[in-house]
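Both complexes below contain subunit A, partnered by subunit B and then by subunit C.
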Partner chain A sequence: MGIEIYLLVLLIFIIVGALIAVETKNLLSAVISLGAIGFGLSIAFLFLRAPDLAIVQIAVEVILLIFLIRATIGRDVISAKGHIHWAGLVVICLLAVAVFVFGLFAFRSLNEFGAPIIASVQDAPSNKYLQDGLKSTGAANIVTAVLLDYRAYDTLGEATVLFAAIIGALAVLRGRAASRRKGSRQMGSPQAGSERRKDK
Partner chain B sequence: MKGMTVIVKTVTRWVKVFIFLYGIYIIITGHLAPGGGFADGVIIACSYILLMLAYGREFALKRLSSRAAHHLDSSGVLLFLVVALLGLGYGGIFFGNFLQTRFPGVAFKLLSSGTIPISNIAIGIKVAASVFLVFIILSVLRIVLDEDGTQKMVQDEEEE
Partner chain C sequence: MIYSLCFVLFIIGLYCALTKKNIVKIVIGLIIMEYAVNLFLVLLGYRKDGVAPIVEKTTNPLEFLATSVDPLPQALVVTSIVIGLGVTTLAIALCIKLYEKYGTFDISEIRRLKG
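Moving on, here comes the complex of A and B:
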């Protein structure tokens, strides 16, 4: 029961952080509250006894924070402008209520908190992994045994996705950078303007 | 982009080694303790990104150039695939753990669990190089748009 109270406090903290990240006008505040959401999530993973996920979450969160600050703050864009679209707001509220009601019904049909489904289904493959994992793979960390032995196909697919994403981003962004540089040589562009400003 | 102040540089000089060593520790003990391939790659990339943020781009790219990061990225995936194909060749199953079935090590020791540590190292190298490359992509694009002093960097990138 104690863990659930801590988790509730953490979830309220995460929701408040998400609301601040959406509602604030200053981009730096939005990025920092995103980071607060990530750290709260990693503490929640620790409470749920998933240290692997907590380590991954905290490392990725730090990297993501650096990326977002470099990508958004360095561009001289520090505040988001815009006004509220009332029709869109009504649609979003209706959708949120629909998802909330659906979630209520979905959670009714699930097991109790702390009683996983694999405990009630005897033929689930997870039971076999937990029983025979140490004997058949020799890995003391069952998460690594599942990731890199039982479900290594998934990891291979994940690595392929990451590889393709990096190659695609390199190709697209490098081409764009080169074309802008060429354009700045031929005709006047903001870059040429900044050069002139430096000369003064 | 010549880096940050002396305080940041001095702290970075001491801290970068510990971050790198922690990443390597998580790689090596990935099959014994919490951690694994993805987290350690991100942590190792963190040490290089800290170097780049504190000392500037050229200092970090001299240590790990973008071309070397490309090769590490590709070779990580290749090593993972080679492990999978060796499992197919020796054990008859793609991704079969042939080392564990042939030489079963003692559990909870460093040298145990067959091909899992090798796969961990492969995934770690791959993720570290990928995250570092993402950072290079973002900063190179930004430099081209903003300043003129680092255009050589972009030309080096284009020659590849």
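Moving on, here comes the complex of A and C:
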């Protein structure tokens, strides 16, 4: 009983944070509200008995905030100029409401909150992991056992995707540095240096 | 009730990604959707009065099997969070690059200044 009330309060906090992040005009405030959402989510994971997830969420959130603040700080933080397409906005809102209603119908086929599928299906793989995890892998933390032993290829694929994404980000950002260096060399005057400093 | 609140969070992210003109706002909408999906998967695996899926020395195996929360969604969500970080980093790098080229985050201006 207690946990559900805590979770409800946390979820309402997260939703209010999300609304602020979506609707505020100032980009820096939006990014900071996003940080509040992420840390609230990590507390929610703690309540849901997922300590590993809480730790990972905090680490990822800090890195993400650093990137987002790097992208937004000192830029045109006030946006939303020009007219709004009211017709498109109304259509999108109607679509969102329709998706929400159909989603509520879909939730009826799920189990109640607090009664997971492993409780009703006896030969679910999770039951086997819980039963034999310590014996067959030697990891006391069953999440670690699943990540690094039962589904290790999944983790290998994750590392590959992460590597590819970081290579992509580096390639995109390095192009900027190279072109800037070339530009200052072409000018070859003290002005170029001062301009570069201004750029930063 | 809790599921539908989680779904509200997803819809907020969807609305943000579809209607905002600022590309950083669109990225924020994507991040919110990702958080909602992660939270939903972990909610599905929660057992009432459950314990974390970590075996201790004093744990009784049968009792542990009957009270532990589902470890499989947690393991997959760890993967999903880290992949989300990589994808978001790539998106933000593209945002920074677009700002360098066009001097604005406004997506309609970027479309107008083609070439």
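Assume the second predicted complex is superposed on the first by the 169 of 200 C-alpha atoms of A that agree within 3 Å, B and C clash if a C-alpha of one lies under 4 Å from a C-alpha of the other, contacts with A are read in each partner's own complex, and residues count from 1 in each chain.
Basically, contacts are C-beta pairs under 8 Å (C-beta built on N, C-alpha and C of every residue); 3 or more make two chains touch, one makes a residue touch a chain.
Keep in mind it's a predicted model, so treat the numbers as computed, not measured.
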item	value
Fit or clash between subunit C and subunit B when superposed on subunit A	fit
Partner chain(s) touched by A:Leu89 [first = subunit B, second = subunit C, both, neither]	second
Touched partner set for A:Tyr153, first subunit B, second subunit C, both or neither	first
Broader residue contact with subunit A after superposition on the shared chain, subunit B or subunit C	C
Which of subunit B and subunit C A:Val60 touches, first, second, both or neither	both
Which of subunit B and subunit C A:Leu173 touches, first, second, both or neither	both
Partner chain(s) touched by A:Ala21 [first = subunit B, second = subunit C, both, neither]	second
Which superposed partner A:Val31 touches (first subunit B, second subunit C, both, neither)	second
Touched partner set for A:Leu162, first subunit B, second subunit C, both or neither	both
Partner chain(s) touched by A:Asp52 [first = subunit B, second = subunit C, both, neither]	both
Which of subunit B and subunit C A:Ser136 touches, first, second, both or neither	first
Minimum distance between Cα atoms of subunit B and subunit C in the superposition (Å)	7
On subunit A, the residue positions that both subunit B and subunit C contact, one per complex	51-52, 56, 60, 63, 67, 70-71, 75, 134, 140-141, 143, 145, 147, 155, 162, 166, 169, 173, 176
In the complex with subunit A, residue positions of subunit C that touch it	1-9, 11-16, 18-22, 24-25, 27-29, 31-32, 35, 38-39, 42-48, 50-56, 61, 64-65, 68-72, 74-79, 81-90, 92-97, 99-100, 104-106, 108
Residue ranges of subunit A in contact with subunit C within the complex	4, 7-8, 11-12, 14-15, 18-19, 21-22, 27, 30-31, 34, 37-38, 41, 44-45, 48-53, 56-57, 60, 63-64, 67-68, 70-72, 75-76, 79-82, 88-89, 92-93, 96, 99-100, 103-104, 107, 110, 113-119, 125-127, 129-131, 133-134, 140-143, 145-147, 151, 154-155, 158, 161-162, 164-166, 168-169, 172-173, 175-176
Subunit B - residues contacting subunit A, complex	26, 30-39, 42-43, 45-46, 49, 53, 73-74, 76-77, 80-81, 84, 94-95, 97, 100, 104-105, 107-108, 112-116, 119-120, 123, 126-127, 130-131, 133-135, 137-142, 144-148, 151, 154, 157-158
Contacting residues of subunit A [partner subunit B, same complex]	51-52, 54-56, 59-60, 62-63, 66-67, 70-71, 74-75, 134, 136-141, 143-145, 147-149, 152-153, 155-156, 159-160, 162-163, 166, 169-170, 173-174, 176-178, 180-181, 190-191, 194-195, 198
